[in-house]
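Chain lettering (A, B, C and D) follows the sequence in which the chains are written, and residue indices restart at 1 in each chain.
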Amino acid sequence: MAASLQLRGAASGLWYWSHRPRWVAASLAAVCSRSMASKTPVGFIGLGNMGNPMAKNLMKHGYPLVIYDVFPDACKEFQEAGEQVVSSPADVAEKADRIITMLPTSINTVEVYSGANGILKKVKKGSLLIDSSTIDPAVSKELSKEVEKMGAVFMDAPVSGGVGAARSGNLTFMVGGVEDEFAAAQELLGCMGANVVYCGAVGTGQAAKICNNMLLAISMIGTAEAMNLGIRLGLDPKLLAKILNMSSGRCWSSDTYNPVPGVMDGVPSANNYEGGFGATLMAKDLGLAQDSATSTKSPVLLGSLAHQIYRMMCAKGYSKKDFSAVFQFLREEETF
Amino acid sequence: MAASLQLRGAASGLWYWSHRPRWVAASLAAVCSRSMASKTPVGFIGLGNMGNPMAKNLMKHGYPLVIYDVFPDACKEFQEAGEQVVSSPADVAEKADRIITMLPTSINTVEVYSGANGILKKVKKGSLLIDSSTIDPAVSKELSKEVEKMGAVFMDAPVSGGVGAARSGNLTFMVGGVEDEFAAAQELLGCMGANVVYCGAVGTGQAAKICNNMLLAISMIGTAEAMNLGIRLGLDPKLLAKILNMSSGRCWSSDTYNPVPGVMDGVPSANNYEGGFGATLMAKDLGLAQDSATSTKSPVLLGSLAHQIYRMMCAKGYSKKDFSAVFQFLREEETF
Amino acid sequence: MAASLQLRGAASGLWYWSHRPRWVAASLAAVCSRSMASKTPVGFIGLGNMGNPMAKNLMKHGYPLVIYDVFPDACKEFQEAGEQVVSSPADVAEKADRIITMLPTSINTVEVYSGANGILKKVKKGSLLIDSSTIDPAVSKELSKEVEKMGAVFMDAPVSGGVGAARSGNLTFMVGGVEDEFAAAQELLGCMGANVVYCGAVGTGQAAKICNNMLLAISMIGTAEAMNLGIRLGLDPKLLAKILNMSSGRCWSSDTYNPVPGVMDGVPSANNYEGGFGATLMAKDLGLAQDSATSTKSPVLLGSLAHQIYRMMCAKGYSKKDFSAVFQFLREEETF
Amino acid sequence: MAASLQLRGAASGLWYWSHRPRWVAASLAAVCSRSMASKTPVGFIGLGNMGNPMAKNLMKHGYPLVIYDVFPDACKEFQEAGEQVVSSPADVAEKADRIITMLPTSINTVEVYSGANGILKKVKKGSLLIDSSTIDPAVSKELSKEVEKMGAVFMDAPVSGGVGAARSGNLTFMVGGVEDEFAAAQELLGCMGANVVYCGAVGTGQAAKICNNMLLAISMIGTAEAMNLGIRLGLDPKLLAKILNMSSGRCWSSDTYNPVPGVMDGVPSANNYEGGFGATLMAKDLGLAQDSATSTKSPVLLGSLAHQIYRMMCAKGYSKKDFSAVFQFLREEETF
């Protein structure tokens, strides 16, 4: 998806040039040689579209898994591959002291940790619990407190990058939690992603993802509005894109993921807006940004409106399309 | 200002790589050697903050000037320098067959062309009239029709870049008009700017500038909202900027002109938002974008809201500040 | 339409109670008896959906007409009825010293007054020119100046109320112009409308209409959003409407023209949003409000967004529906 | 505050005319005579600005109280008046089977019910628990489930009306919960308010309040924008208000609580925006509306923007002013 494409391009250069003490990035090689030593079992909860390929990458790197999913079928192929399947998050916590969770919503995540048969029921002292779900940072902080009470460690590590990046191990992890534990998290996350970024205290991983995606939504809609207006004013789309990209209007949505069909190749707008980052997922992330803005009293005027626009767009038949289809959604406008 | 800073950086590479038939760019050298041959007088109307240094760059390149400004004082230093000062736009048209106009508003521009003593009263057949004012593209088209009736040629060539770029001859001109006449326009514009971009039919120069600045305003406010939200969620501003700039939220406002004090050097946010591109000018350009969107029935939801935000911001004491001060305007928010 | 329905209800009471010197209202009776004396010809230009029934009401009151329309067919039935049809606005001005114009846009209006064969070419000193078109107040002021130069009088008198109100003589006229001339305007307008309101200097008639319709659009969308949200939260629509209407959320759109099917009878929402005030017309009026806000630097955040919403709505197939269909437009939202 | 002023006006007429089975309204008299029989103790938790006068009205009607507040001082005057003060919500539940809670936020409310020493720790079977806090309807539903598990009854009954209405017993209660229990709730609520409205299942009381206040905020800002625009276009404020109020722009904010100084007497705008309904409270309610809209996927474009506007307004020094001060906030706009 969006971010990962970009990251493959930008990583190398930007990345190391900008190396700083509290900032850590891990090359796949480095991480995995470093971890060859001890391969104790790793727990994995949530084996959906994203979790499945992520767990497989851990297997590839030689980690035995202890897995659980609310849908038994999701565990089948892992069982056949000889991995250990158990019947509750609590059982995972009993058998593994490093657990990764990848779940769709805040509610599912709270259930998996604090529920009747949740991880916290049997978690071992000193365990490392990494949640890669994208949820409200406030919930991550709450969970972290409960985990600490049990003498374990919690980190939030949401991903940037879609199913494709998950398969190819090119995800970016934005990690929040105690810095001393970052190296330990990195050992596992480095097997599933090309970039592992330390963001600060618990919740800042979620915060970083939310802020990036809110700005992404705003600049994508802005690009769609500007391109559409320019076209109606008589400009050639390719020429306009070129002018924007050499000027101050330049943004990732205009120069790397242009939403106007015919301007770029290899992007969803060149493929009827198939693939990419779904409008529904963008609407969900904008909802989280809204919640965070409301609870921190941060003014996000364009962010609020972007949220509403993506919600309307999903309702008008674009829910399965890439989020850049907002250009199509706006262009439909008839003259009257 | 904004765009020009960027352009100095981007020009070389991007520019020629992206060379295409209907796309033309001019190096200062090329243009001026090519034009050394005949230096007939050039008319210049409107010698304000921008017009004054622009006219001086024409003088530097050896063009005799015939000038007029509604404020006689504005002509003084040119008179002392031996240039010809006349008493109306009509008189300029009588003495020069190439005229550049640089005026603050649509109304002034219409007056200078179509007024009682306007250019059209005495314009010669075949004259080249170049308007570098930033005005409504619809007005440019109207003027073009009137000019054609007189057997002359009109081109709109608004600039990107501020007073500094005007002095150093680093402006970018976005030019709309008959393509056959572009080389002739280029001869003069190339003496005042580093980039001269052909955009298409009359009005498209204005259209390109308006679309760029609307997207710039949207991504700048979006960057301010995202940075502010992230900071309130506990992220370090420099780290957040780094994450955005290597991800899909990246835009010119985040990686080249970051609005958060302490993140970058050499930008207005590092200098109490002094200098740069004034919030008032941005509000004006967004007003033009609004008008164009209304007349072409183009939906610009974020563009409309950005316009209103800059208007409020100017009203709350930021009218003299750089447009990136929108971060300061939003951050003021108290918790309650 | 909207406003007139309301006015029939509210007029009597509110109206006279609130009688003030600079405030004038006319009962049909009063006006027409007062004018029985002299019935000199009245010019009428623009005989479309609105102009046609308005002109007929003047005939009913015994005024001989001199008419012109750019489409000759529009004049046919008047010719057959024995009225005088001429071939240009100028000819109308030659034969009548009281003229009413009812045209679709600012451009048409300027053409009819200032065009090659416009009214101003042959207008008589002392003539009374009343423009009932809905246009930009700034244009009304411009026209007024030109008319004054010819020694004639101009008044803007846009209408509230649709075709139905035009037929039944129940329009409301909001009049701007010299107060001394108001009585004269009233004599004619009172034959076509139930309420004639003096608003102040030229342009204030347009201003009053624009402000009312902007607030109408905002409160209608707000009502649609609130009703939709309440329904999704489990409230019965009729009960919610009742609660709003006895509380501080009450507005004309909630208590007189509720947009939710099943809540009220006799409104467009009870008739598949047929009839009423078209979304396209609302979008046009909001465009005028935008232009006025931009030129007066008035912040209209909700007004801008309402404009964009109505533009999108028209583009999504609602252009022919009543403007209260915004509820339907928003409710379509699917859950995801 | 807003709503209650309105209600005193509207009640009588509207109210009974609109009487329906599932709709109930209670006159103070009726309720209290009906309940004179048995006056068992009533628990009251949360004795802040609103809770204090509400509890006193229960005392006036002869109900012995069992009270608790996290701040002991808040209980002092009740103790001196001979009421029973206990040291935790649990203790209140032990001594009273009818409890009213009036707390500032969702978090406080959850703590009081489900906390370590919460009501649920010692609640008796069959107890009636009424929460008059204004919180997220989703939280009300959650609490209701937990209460049911204990064999008790929960109802949400947020109030419309401020401290003044609380003192004079003129609050309006919007009640959600099992209809069979409504009469019982009414007995107590009728002693503290002039209107008790049954809204439906648990959470609908909160929903009704949230929807009303969202529409109120939208129409208030809309009124401020329309009045400000009209004034700048040359209209007299009183005349414009009159025109709006007899037209389709009419709303509670324009005809009962006009935000423009000089248009009406006896409203906050006539008193430097002191008193009334604070901008901060409106911002809080709009935050709840946002949350509900996000969780129900309801598009609320104007509601979102209104929320952001009130948040900015509070940050710019209006947090203590009445919410109608948004007119002052917008008018400040300078021309530039």
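To be clear about the criterion, contacts are C-beta pairs under 8 Å (C-beta built on N, C-alpha and C of every residue); 3 or more make two chains touch, one makes a residue touch a chain.
Since this is a predicted model, take the numbers as computed values, not measurements.
Which angle of rotation, from 0 to 180°, maps the CA atoms of chain B onto the equivalent atoms of chain D, to the nearest 5?
180
With respect to inter-chain C-beta contacts, which pair, B-C or C-D, contains the greater number?
Between B-C and C-D, the larger count of C-beta pairs in contact belongs to C-D.
If you take the mean of the Cα atoms for each chain, which one ends up farthest from chain A?
C
From the C-alpha centre of chain B to that of chain D, how far is it in Å?
Their C-alpha centroids are separated by 52 Å.
Report, in whole Å, the distance between the mean C-alpha point of chain C and the mean C-alpha point of chain D.
Result: the chain centres lie 39 Å from each other.
If I count partner chains per residue in chain D, which residues reach a count of at least 2?
297, 299-301, 305, 311-312, 315, 330, 333-334, 336
Which residues of chain A touch chain D once you look at their complex with the stated criterion?
287, 290-291, 294, 297, 299-301, 304-305, 307-308, 311-312, 315
Considering only the defined contacts, which chain D positions touch chain B in the complex?
280, 283, 305, 311-312, 314-316, 319, 330, 332-334, 336
Once bound in the complex, which stretches of chain D touch chain C?
The touching residues are 2-3, 6-7, 10-11, 14-15, 18, 22-23, 137, 160, 172, 174, 197, 199-201, 203-204, 207-208, 210-216, 218-219, 221-223, 225-230, 232-236, 239-240, 242-254, 256-257, 289, 292-293, 296-303, 305-306, 309, 330, 333-336.
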